[in-house]
Structure formats: structure tokens, C-alpha cells
Amino acid sequence: MSAIRYAAGLLDEVRRRRPRVHCLMNGVVPKFVADGLSALGAIPSMTSSPEEVGNFVAKADSLLVNLGTLDAQRREAIGIAVNVATERGRPWALDPAHCDYSPPRAAFAQELLARGPAVLRANAAEFDLLSVPAGVVAVRTGKADCIAQNGASFSVINGHPLTALVTGTGCLSGAVIAAFLAIEADPYLAACAAMLAFGVAAEMAGKVAAGPGSFEPALLDALANLEGAHIPTFAKADHEQG
Amino acid sequence: MSAIRYAAGLLDEVRRRRPRVHCLMNGVVPKFVADGLSALGAIPSMTSSPEEVGNFVAKADSLLVNLGTLDAQRREAIGIAVNVATERGRPWALDPAHCDYSPPRAAFAQELLARGPAVLRANAAEFDLLSVPAGVVAVRTGKADCIAQNGASFSVINGHPLTALVTGTGCLSGAVIAAFLAIEADPYLAACAAMLAFGVAAEMAGKVAAGPGSFEPALLDALANLEGAHIPTFAKADHEQG
Amino acid sequence: MSAIRYAAGLLDEVRRRRPRVHCLMNGVVPKFVADGLSALGAIPSMTSSPEEVGNFVAKADSLLVNLGTLDAQRREAIGIAVNVATERGRPWALDPAHCDYSPPRAAFAQELLARGPAVLRANAAEFDLLSVPAGVVAVRTGKADCIAQNGASFSVINGHPLTALVTGTGCLSGAVIAAFLAIEADPYLAACAAMLAFGVAAEMAGKVAAGPGSFEPALLDALANLEGAHIPTFAKADHEQG
């Protein structure tokens, strides 16, 4: 249970420290992800212009690299962003979105894994294609969200089925992980806290939504209204091993 | 009335078969269109990177080509996508969005019409600029939505005025057409079913919305909650000729 | 009080004349800004393709240039758009979004200021980096929104704290300014009216929202439902000097 109680404190810490999170991502869901980070209490920035991304990452406390909508300019921007984050010791999370659709995207994801992200977030189909280096925290999202590192694992079974019908909820969960990485040095505990906060918020949203359309604003409201103390009350976590 | 009863079965079929629909579109509304397809029961993908689009279209059951925000890279991606769809016998719909604003866009739309889309969806101003080849199903959306092919025509007068105040509802109707094309070989019947489903959902959404802001999530909720059996109950169709 | 009573008439005039507003902006919030303009009664267009932007600006009544997500293609499109607007005598507003994060963006913003926008909208951190030429109306948004030109100033203290948690509300306020510029020749009065309408709508939205997620559709609903007569009733304006 310690990861759950610890998560409560980390959520309050995100609210107090308001970390800056830079996100490199597709052109489909950037507003939703930025709004989700703001709701959580973080400060998002989203530019992917190669000539500017270095300045933005230099001001950020953590980085999310999401491979959605990959082209030459996006690859260049990702390379610069990871260089700046690495030089400054800022943690970053990798989301190889849809790499199961596109072999060049899977190959690029594997290259990036060798550059030392703190966390890899992916779904089962994406994990099947990737070889995760030792030490990287692996977060496999789905009906349950499983966090694993070096033999330890933690599963969160909060959440709601409508999550799967809203494009960008997976991307947002990656951004939430990046926000917790910014304020917690242990990436395993950061990822557990992130998935607990996201899962509890999704479950709360599902209770008031009439469908996927109203689920989206309800999820943002729930992220904004979530307090650390709610996490031990509502968490449904499973299979904790050490 | 047969098109209406047939539409009810097609909607249930979309839900059962969950077709993959790839959408090439502007950078303004991709999340809304993806969320609308998910609400309907389809599986959207949205990348427009030339190096990846072929892989995505190869996995898709149908394709939407929307000309919003056209540049050199988008033109290249569209060319690749139409080639892959044609080679694999996948149906595609064309939406020449805003071609009345931009002569190069109208010229490109005319070129694409010669490549054999199953359906052209456009508004009246856009239709005025284009010459529709015989056999292509023409869907003219507006206060009424008119589906026409080879002398037959069908009009849907469901829908709601708030639809016009939400950017991307026209684009989404094109994507809904593509979803029905994926599961029905006759593009005329597919387009009639798509416009009936979209129009009935919009009318339902209008009953609960307080303005254009709340209309958008209400439309997604209505698409998700719509059942085939609702279509014969609520359809307002007109001018059916054969 | 004259600016407030005048604003009421201008809002009704936007509704009556339905000006076309072209927006050059980042890839994060274009749908939200387009929906906000539609809710207000304007007709938005959003393309940033260099080969098309001239045709779109030529059809527009005013222009918003927002520097979010700046790259080489966006710079080229902005240059073309400002040229066309200047040639045709169309007013334009400049929003140097996030120029405090990126020195090249601040330098480009300063270049654009020399080209004669009617209005500069920015937050305090962005204003600190820029030198505003005489005659340009300066709109500094924040807890209060301050409009200043040649020694006159006007402050609006409507609005709601949730505005800060929704990405793109600042961009939308710039677009609302552009809509009022399209129907009012005095940019100072246009900017006062825009910030009054936006502030009153935000305050109304805050009364029905349960968090930042539901605030967004509520803001669009409030913009759509706002009538000129509401402005004198609800306006909280301060520090009017002449």
C-alpha cells in the first residue's frame, strides 16, 4: 500500500510545484493534452518546431516524446529535445503511439529507447514490437494499467471504458507520467502515482458522463478537482510485488 | 422507405465490424473527427506524414481525403493514400473543404475526382466549382443533406442549426460516410445511411445543448448512443426518387 | 461609460455583419478558436499553407497573426498574410504567444510590430520583451485586461480564473479582437468591446462550470448566447482615462 499513500503526497506536490512539462506530440490531440496537464496543476508547452524546441525544453522540468504523426521535422525536433533534456538531467517519457502501424515508427521508437527515457508508456500491441532496456520503467496501459521495473510491478484497475473512445487519453496519461517525473526522482513511484491519479479521475468522470463526448470535459474536471486524499480512498491497485 | 430501414441495419453493422477508417485532413479538427468515428463504433487513424501514410491506409478499410490546410506535403500524402486505397480496392470519400476559397485547391479536387472516389461530400458553394463524374455519389450537405447518383436522389432533413456553428461537423460527416463505405459495397446506400445516422444524432444533440459549446459533446454522445432501431423512428427523409 | 455602451452596439454589429476573420496560429488550438469565432457570430478560416493563405486573407475582413508553433513555413505564411492585409487595408491583430520562451520568436514579433498591426495582445511576460510602437493599441491580458493607446487606458475586470486553465483562451481573445476590428474603424474601441464581450462571457461560463473541462463548452455557449444588452448590465470596467 505504500505506493498508494506515497502517490497522494506526490499529487499534492504537483499542485504545489506546478512543474513545466514540454510535450512533443502529434497534431491531433495537443490541446486536450495541454488542458489535461493544466487541470492536473502542471504548466504545459507543446511546440515542435526544430528551431524553437531546444529553448522550450531548456525551460521545462520534464519532457514527453510521443511519436504520433511522425515526419522528418518531427524526428529532428525529437532529437534536439532529447539532447537538451539529457544535458540538463531532465527526465523524459516515451510514448511510441501507433508504432504497431508503421515499421519506421517502431524502429525510431527502439532507437529512442536506447537513449534512456525514464518511462516507456505503450499499449500491449506496441509493447509486443519493442525490446525494453533494463531500468526503464514500463507502463502498459489497457483495461488494467501495469507499471513494471526490474521485477517489481504494480497494477491499477481504476479507469473507465469510455476512456478508450476518446482520442488522446493514452497520450494524456503519458503527459501525466511526465508531470510526476518532474517532481519525483524515482520513476517507478512517479509512474505508479501518475496512473493512480489518472485512473481515479477517469473513474470519477465515468460516473457523470452520458457518453464519450461528455466524458472528455468530465475527465478534465475530475483531474482538476482530484485531491491527494482521494487516491487512498478510491484506488483499486492489484498485484503489487517487489 | 427501404433506404431508411436498410440504414438501420448498416449502423448496427458498423458497430459489429468496427471498420478502420484512415482520414487525411486539416490540422484544425482531427481530434473531433477521430472522436466522432470512435463514438460511431469505427477505429480512426489520422496521420498525414508521407512516409507513413501508406502503411496506415494499407491497414484501413476505407479512406477519407479532406483537402483542408493543403500544402506540398499533404498533397504528396494524399497521392500515396489514394494509390494504396486503389490498389487494394478500398473505397474512399473526397471532401474538397473550402475549395471555393482557393483556386489551387479546387483544381486539385477536380484532379482527385478523376481518380474515382466512391463519394464526394461538399457544400453548395464547393459543388458549384466542381464537375462530378458519372457514377460518383454526390452528397451535398446543408439545411437538407442530398445524396444523388445517376438520377436517383435522397434527402435527409434531420440535423440541427447548431451544427453550422461547430467547426469540423462537415468534416465529421465525411468521415461517417467513409465508415459506412467500409461495410457496404453500394456507395449510394452507404451515403444515405451515413447522413441519416449523422442527421438523427445531430437532432438528438440539439435537444440537450445550451449552445454550440455543449452541442459538440452532445453530438458525440448521441453518435455513441444511437442504435439502428432509432433511425426508422426519427428519420425525416424526403424526395426519394429512383 | 461610453466605451461600455458603445461595446453593446458593436457586439450586435458583429452578429449582424458576420465578418470573416482569418487566423494564422499554432496547431494546438485552431478548432477552439474557430468555434469561439463562430459562437460570436464571425466566420473563421484557419489555413496556414503559404500557397493558399493569400487567397484566404483576400476574402477576409480582418486577420489574426498568432506566433504559436513557429517554423519556416509559418513565417512565410505570416509574411504573405500581412502583405495581403496591408495592400487591402484590412486591420490585423498580433499575438506574440510564448515569445518569452524563445528569442527568435520575440525577434520576429518585434519585426511584425514594425509592420503596423492595429492591436498587440499579449500577457505581462510577453509585453516585457517587446517595444510597442506609438499608435498600436496594446491589450495586456491577465487578471484584469488592460487596453491602452496613446495615454488612454481601459481595464476590464470581468473574466474567471478557470480561463487560465484552458489552453487557447488567450488565443481566442486575440481572435475576438480581430472580429471587432473587422466592423469598427477605431481599434481602441474595438479592443475595449472585444475584451468586455470576452470577459463577460467568461464570467457567465464560470458560474455554470464544474472545472476547466466543462468551462470550455460553457464559454462557447456564453459567447453564442451573449447579447449586446448584457454588456452594460454585467461589465466591470475600471481606470478609464482619456
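First chain written, first letter: the chains are A, B and C, and each begins at residue 1.
As a convention for this text, contacts are C-beta pairs under 8 Å (C-beta built on N, C-alpha and C of every residue); 3 or more make two chains touch, one makes a residue touch a chain.
Being a predicted model, the structure only gives us computed values, none of them experimental.
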> Do chain A and chain B face each other with the same patch, meaning over half of the contact numbers show up on both, or with different patches?
Replying inline: different
> If you fit chain B onto chain C using the CA atoms, what's the rotation angle, as a multiple of 5 degrees?
Replying inline: 120
> Could you state the distance in Å from the CA-based centre of chain A to that of chain B?
Replying inline: 32
> Out of chain B, which residues touch more than one other chain, so two or more?
Replying inline: 27, 31, 216-217
>> Quick check on the complex: what are the chain A residues that touch chain B?
In response: 26-29, 31-32, 68-72, 74, 98, 101-105, 164-168, 209-214, 216-217
>> Under the definition above, what is the set of chain B residues touching chain A in their complex?
In response: 27, 30-31, 34-35, 38-39, 44-52, 55-56, 59, 73, 216-225
